[in-house]
Amino acid sequence: MSLAKSPWIIHVNVNSCNGCDIEVVACLTPLYDAERFGVLNIGTPKQADIMVVTGSVNYKNVNVLKNIYNQIPDPKVVLAVGACASTGGIFHDCYNVVGGVDQVIPVDAYVPGCCPRPEAILDGVVAALSILENKKKGNIKGKEVKLKGKEVPSNA
Amino acid sequence: MIENTVMLLIIVPILFSLLFVALPKSLYKYLAWAFFIIGVALSVNLVLDGTGVVQIGEPNFAMFENIVLILEVLIILFILAVSAKYKNWPTLGLGIVSAALFAYTFTNVPGVEGASLNIDQFSQIMILIVNIVGTAIILFATGYMDEYEEHRHLNRQKIFYFTMSFFLGAMNGLVMADTLGWLFLFWELTTLCSFVLISYNMDEEGINNGFRALALNLVGGIALSIGIILLATKYEISTLSGIGTYAGTDAAAMATVALPVALLCIGGFAKSAQMPFQSWLLGAMVAPTPVSALLHSSTMVNAGVFLVVKLVPAFAGSSLGTAIAVYGSFTFVMCSALALSQRNAKRVLAYSTIANLGLIIASAGIGTPLAVAAAIMLILFHAISKALLFLCTGEIEHTIGSRDIEDMSGLINKAPLLTTLAALGMVSMLLPPFGVLLTKWVSMEAASSNPVVIVFLVLGSALTTVYYAKWLGTILSSSMDKNAVPHKKPETYFPLSFLGLAIVVTSIFVFSIYNYFIKPQVEILLKTAPVISGQAGQFTSEIGAFAYAAIFVVLALAVLIYLATKNMFTPRTSSYYMCGENNLEKDRLMFRNGLCSYEKSSVSNIYLQNTFGESKLTTLGYAISIILIVIALAGGVGL
Amino acid sequence: MLDNVIQNITEIKSMPEVLKAVEGFKSDGYRYVTMICLKANEGHELIYIFEKDNKLKNLRYFVKPGEKPKSMSGIYLCALLIENEYQDLFGLTFEGLAIDYKGHLYLTPNSPKTPLA
Amino acid sequence: MNTNDILLAVLVLIGAPIIGCIASGIDRKITARLQGRVGPPLLQPYYDVKKLLSKDNMVVNPTQNFYVIVYLVFIVLSLLMLVFKQDFLMIIFVYTVASLALIVGGMSTGSPYARVGSSREIMAILSYEPVLILYALAIYLLTGTFKLTAVLDASSPMLMYTPLIFIAMIVVLNIKLKKSPFDYSTSHHGHQELVKGMTTEYGGPGFATIEIAHFYEYVFLTGLIFLFWASNPIIGVLLGIIAYLLIIVIDNITARVYWQWMLKLSWSVLLIISIVNIAFLYVSGVQLA
Amino acid sequence: MGMLNLVLGNISRKPATRLYPFEVRAPFKEFKGRIVFNPDNCILCGLCQKKCPPDAITVIKADKTWELNVFRCIMCTECVNGCPKDCISISNERAKTGAKEFIKVAVPIVDKPKAETPKADTTKAPKAAPSK
Amino acid sequence: MTTVIPFGPQHPVLPEPVSLKLEIDNDVVVGVLPSLGYVHRGLEKFIDTKDFNQTMYICERICGICSGIHGITYSRAVEKLFDIEVPERAQYLRVINSELCRIHSHLLWLGLFADGFGFESLFYECWKYREDVLDVLERFTGNRVIHSMSKVGGASRDLTKEQIDQILKTLDDLEPKVKNIEKVFVNNYTVKKRLVGLGVMSKQLAYEAGTAGPTLRGSGNAIDVRNTSDYDIYKDLGFKTAVAKEGDCYGRTKVRIDEIYEAIKLIRNAISKLPEGEIATRVKGFPTGEAIIRAEQPRGEVVYYVKGNGTKNLERLKVRTPTFANIPSLLLMLPGVKLADVPIVVLTIDPCISCTER
């Protein structure tokens, strides 16, 4: 139960239009107050449990997303917030858009909406918590995501 | 027999210095090992021989006196010749003044019938420092100098080792001599040796700094000789212990000898590079690192504080004592502040040395038994720690080719043993349970009765923490830009490890050291000993307790916990948090910048140049310290 | 009046003249608003837009294929972003940029090249 | 060391983190209420630590956890020394070891944020250390010894003679707890330009160690405030609690300031008022009865 | 002292927090929560597919299905306004959070000639919500 | 040796992915290189596949905070191509929507700004008030953040009497609350310590650097597109430009707070003058020609350039957003500030990176 009571989130904005971001931040504000569940928006991935991703991923962001994901210690959960993060949304066939977050890293839960209401994001966090518990129990580790293929890390 | 040991202590270094000249370079290594072993043996032997006074009377005395006379003439001639050759007029002027004073002494001052060498516990400590730490430094030098000379295209090692060894002999004489005339001779010999060593590189910078050292030390020497002349002519005192006997603990007697004592102290200040004179010690940084180590830890500067501490009975509790205490603590805080803005490791160490010597002088000035005990202990612990730090800096410089603190970032990965030793040296300078902090604690407790001094000490110790913490953190951090080539020569690493071990051992056995050396010495100086007990791993005085044993235990506990938990909790190594833009292939500290190329992130420490910059503070320091010295002198004259 | 439809547009034939005209705008106290790039007959058309007292002034310049237009960032620093953007999106090359992102302002080596061209 | 002492030590070892944890929880609860929120449950810090201990031990540098262990054990040692009425000057030095260990730990990770944070924390040492030692000096002047026995056995409160040092100590408490306006080296929850400052690269058990050490530190620091009215333990504890609450309120009504400003504040205002207080003690020569 | 007044005011008042999972405010009736599709009148014209900006709606005439990718829908109500038969409406209840398996809702279309005799209820009311 | 630090793209202080490479010497920034492209989606290419009605929704999603005004401006630009007159009621509705957006955006910015200098409770306070504005916006447009209230030809939603009362009541509540936080921003000692004299741009420099919006007006330039006579119906509503002379972060904060009051006033005036009638005209055919439309977003002046070629897809759409104009001013403001001030200076232009990169 320890994990479920203290989920620290890291918010990663990859190519989002800000709509979802401000709703994620709004979750922490007095009206919704996610800290009731122990949620803290922690800055560094090293201390995070839940990775909240907003936005459809673009090519410049792919490595950022992977690096941050790799730096979160297990057990960890990825929560895709908003239509863009889930499937690419309205931007799914833009030239610089890779698609939903699940194209790059494994995603555990999705929150629909453009933009999702803070309540929906809270629902998503609660859903993520049970997944987190299961992962801990089953000792499921997030696989290290390799930087490869079309998203080569350097051009040097 | 103590007489033999004493003579050997002076003769053996001179013998070795001649051997260094005579034998080829390839044998230096063995010579240095031999010197180290003999040095250790002799000094331990002296301690085992116990204390005593060696009287030199007729018929030997006349011969010795003649040697002394000839040497003094030679010294003055050398100074005059050298300063004339390099057209250094201030030094020449000072040399002429010295010569005049010498002539005056020769004609007007009544001669003495015999000379005496006084071996008390303080001398024993000093002998131990000089002959163990000093020879360790020479041993280190054999592993160091070849590369040093190679870089600078020099070939002066014969002179180097000759002077270094000779220096040790002079120091041995200095700390044992009781007759003021002899003391003065050894005093000038060390000055001369330091001049040769500082200008070792023979480039313009080296020679200039050598002359600065020479000039400032001549100023000190002049003050010293005036003091000696005054003592001899007015009070008919010709020995160091005689001053203490004369003044006793009697306030009136103290007041009468205050002026010559103050002059002697000024000589000590110059030698110890206290505030208005500090520039020579900083200039001495141009010399090879073993020279700095020797000057800073075991020899030169210790001579000054040695003299001041020996004079404690002549000013303890008087207004002169208070003035000296304020002056010393002022140097402590000022030089700690100056060290804050330095990024050159050797300069940091230099300022730290001056600051610590200031602390010793302040403790001596306070003059309570506790404070004097602190002063003597600080000389011991500071010598070991500072020698280690200097040698480590030298070795780091050879490893990474820089003495800039910022360049040392991440050294732990490239040279773990060296870094650990350097870290130990730094930790021992500022954290419990190590000796230096213990003595700092003692002196703070002792100084708590003097408001000005304690406030200075408080500020200074906070500043000390800051500049060492910066350096410590930097070498222990985990990234390295520089190309580091650790050379693992036994000649260099043995002295380092030996000194590191010495720090730990002396810190653990601090109470035994206190009981054996310091307590009797304080009794000799002040007739009373501090009330200190050492039960239950604590160093307890009347007003506090220093639980060093508990801290050692806790430190060991931390290591144990770390080793036990190291492999728990599924350990994993990951990359740095670089806001997501890492480069995992080349360097883990690289990140991608706006131009889509990779760049290394780096961090430098805060140096506060604007607040604690050298140029600003130095002027202020000169002004205030000169005022303080004038006050001390004025107090001495009785104004 | 706001110039909503692009009218009173000045067409200029050569790059040095554009530079001169822009310098003239600067000395007249105009602000640089933006530059618009359009595809036109194999080449590109650049529309420079300036503003003063809520009035827009436009300059139009046709970039021939392969021509390297001069950067305005020396005159108006704020031009550097839009010029870098067109380097990315249209594959133009501006000469004398204050900060040259070399086509990596928006795009990385693995994303599509010059998508709007 | 008799049985009572050992019992007391064990009690402190176990009790202090519990008190610290609850204090931290109260802090978060009150902060939330001051911000018009409900806030986390009271035991949230406990849940946090428990969670951190169940996570992977992810490090950038194998030695980084050593320093936080040193930090923890030395905080505990300084607390124990406080409880066993040891030399106060000594306690401060031991406490400095702890602070330095955390700084070196931050530096040792090598992350740029951690290193900048550590540099700032070093500057914090520069600003609070003199005040702490002057506090020790005040104790010496009032009782004639640095040992805390005299303060704790005295029948009259120390606050009467050291009001200015008390004010300075409140600010020191604020600096040490890294609360706004002095939360520039790490920030507990507010976002910051240095991400998490010194602790950026710490996660999982290593960070849990830091949190546990913080619990001890809360108790230790309020213990320093307690000394001001040690003659009556109840008032002393109340004083500690009031100081703690005051700092929570200050945390919520101020913006973060620069370390430069803090340095200026501490070396001009705090140091001066402390010295004035010390001078008063010298001149008047009062002794704690 | 402005901030002091504010925070003290806050602590003296009830917290502003709405205890969300336990205390749900009824959604505004104007809220665009999710798309509700009523297949009764649908003529599979595909206008909604054409109008949909994020291409969330797929109408496959051959299979007679109407598909909405809930996780792509942006609630713009273009389809609602564009539907000639008013089959699509908007509800003020938001779509539920879930895992990706539930995102596609396929609605079989009852075969019918030109809006006549709404055939028997072979279909349930379509739900975007996951059935858990 | 200078300190080189990456600042972003994923950074807790920056809500959006932008990266700055900071070169710091002695705690003072000496060099800065912004790195963009983390939110570049390529919307200007996207119009090839979407028709001009659908493009409205895309333009709204250029940015989630200024989304309402993006939509309105795009609609106005296309209306210009068609040369149609929008019903007056729709124009008023647009003004009400824009100004509500401005209030919510400025409150949001004030909060994030407070967070930037470590004032967590002030941040929460601002966002608490913002929720009231979002509630009325939600009732008005059906969504909290992305409103889709405007469409080519008018408005897609009308205001009912009940909603109007709701708006007025919320504004009445809001005004004293804003006064409360204004006191903190303007008078709090620590806040002033952080803001006054930071990131100074002189009047001339701000003008020449091509800045827009509060960044420009914070330096004493009274330039606001809403002043121009043909921008909707602002001329009838008694609009006054908010200007501050300081030219530093403090001045820009004051400008934004004043704009909240101004927006409240404008909404009240608009509601009192709200005419009855249609809310939209029908649009027939396909757009041709080219047009430039400027509008005042919360962050400053936005410029829309549209070119139609007679098909249902536009030929070219170019958006010059206010942040795009303001980012070069960062290059001027950042060198010389302390590291701790970097987030404040970056936030002071109210960066909207998704606007900038589209």
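Labels for the chains are A, B, C, D, E and F, by order of writing; each one numbers its residues from 1.
As a working rule, contacts are C-beta pairs under 8 Å (C-beta built on N, C-alpha and C of every residue); 3 or more make two chains touch, one makes a residue touch a chain.
Values in this document were obtained by computation on a predicted structure and should not be read as measured data.
Colleague: Can you list every chain in contact with both subunit B and subunit E?
Modeller: A, D, F
Colleague: Given the contact rule stated at the top, which pair of chains has the most C-beta pairs in contact?
Modeller: B-D
Colleague: Which chain has the mean of its C-alpha atoms lying nearest to the mean of all protein C-alpha atoms shown?
Modeller: D
Colleague: Of all chains present, which has the mean Cα position farthest from that of subunit E?
Modeller: With centres defined by C-alpha atoms, farthest from subunit E sits B.
Colleague: If you average the CA atoms of subunit A and of subunit F, how many Å lie between those two points?
Modeller: Here the centre of subunit F sits 27 Å away from the centre of subunit A.
Colleague: Measure off the straight-line distance from the CA centroid of subunit D to the CA centroid of subunit E, and report it in whole Å.
Modeller: 53
Colleague: Round to the nearest whole Å and give the separation of the Cα centres of subunit D and subunit F.
Modeller: For subunit D versus subunit F, the centre distance works out to 43 Å.
Colleague: Between subunit C and subunit D, what is the separation of their C-alpha centroids in Å?
Modeller: Distance between chain centres: 58 Å.
Colleague: In subunit F, which residues are in touch with two or more of the other chains?
Modeller: In subunit F, the residues touching two or more other chains are 3-7, 9-13, 27, 33, 36-37, 40, 42, 45, 57-58, 61, 121-122, 124-125, 128, 143, 146, 188.
Colleague: At least two other chains touched by the same residue of subunit D: list those residues.
Modeller: Residues 32, 34-39, 53, 55-58, 112-113, 116, 189, 191-192, 195, 200-201, 204, 252-254 of subunit D each touch two or more of the other chains.
Colleague: Would you mind listing the residues of subunit B that make contact with two or more other chains?
Modeller: Residues 570, 572, 574-575, 577-581, 592, 594-596, 601-603, 606 of subunit B touch two or more partner chains.
Colleague: Every touching chain pair, please?
Modeller: Here the touching pairs of chains are A-B, A-C, A-D, A-E, A-F, B-C, B-D, B-F, C-F, D-E, D-F, E-F.
Colleague: In the complex of these two chains, what residues of subunit F are touching subunit E?
Modeller: Its residues touching subunit E are 50, 53-54, 57-58, 61, 121-122, 125, 128, 135, 138-143, 146, 148, 156-157, 180-181, 183-184, 187-188.
Colleague: In the complex of these two chains, what residues of subunit F are touching subunit A?
Modeller: Its residues touching subunit A are 9-13, 15-17, 37-43, 45-46, 49, 57-58, 61-65, 67, 108, 111, 124, 127-128, 131, 143-146, 352, 354.
Colleague: Per the contact definition, I'd like the list of subunit E residues that touch subunit D in the complex.
Modeller: Within the complex, subunit E contacts subunit D at residues 3-4, 7-8, 10-11, 13, 15-17, 19.
Colleague: Which residues of subunit C touch subunit B in their complex?
Modeller: 101-102, 104-105, 108-109
Colleague: Within their complex, state which residues of subunit B touch subunit C.
Modeller: Touching subunit C: residues 594-596 of subunit B.
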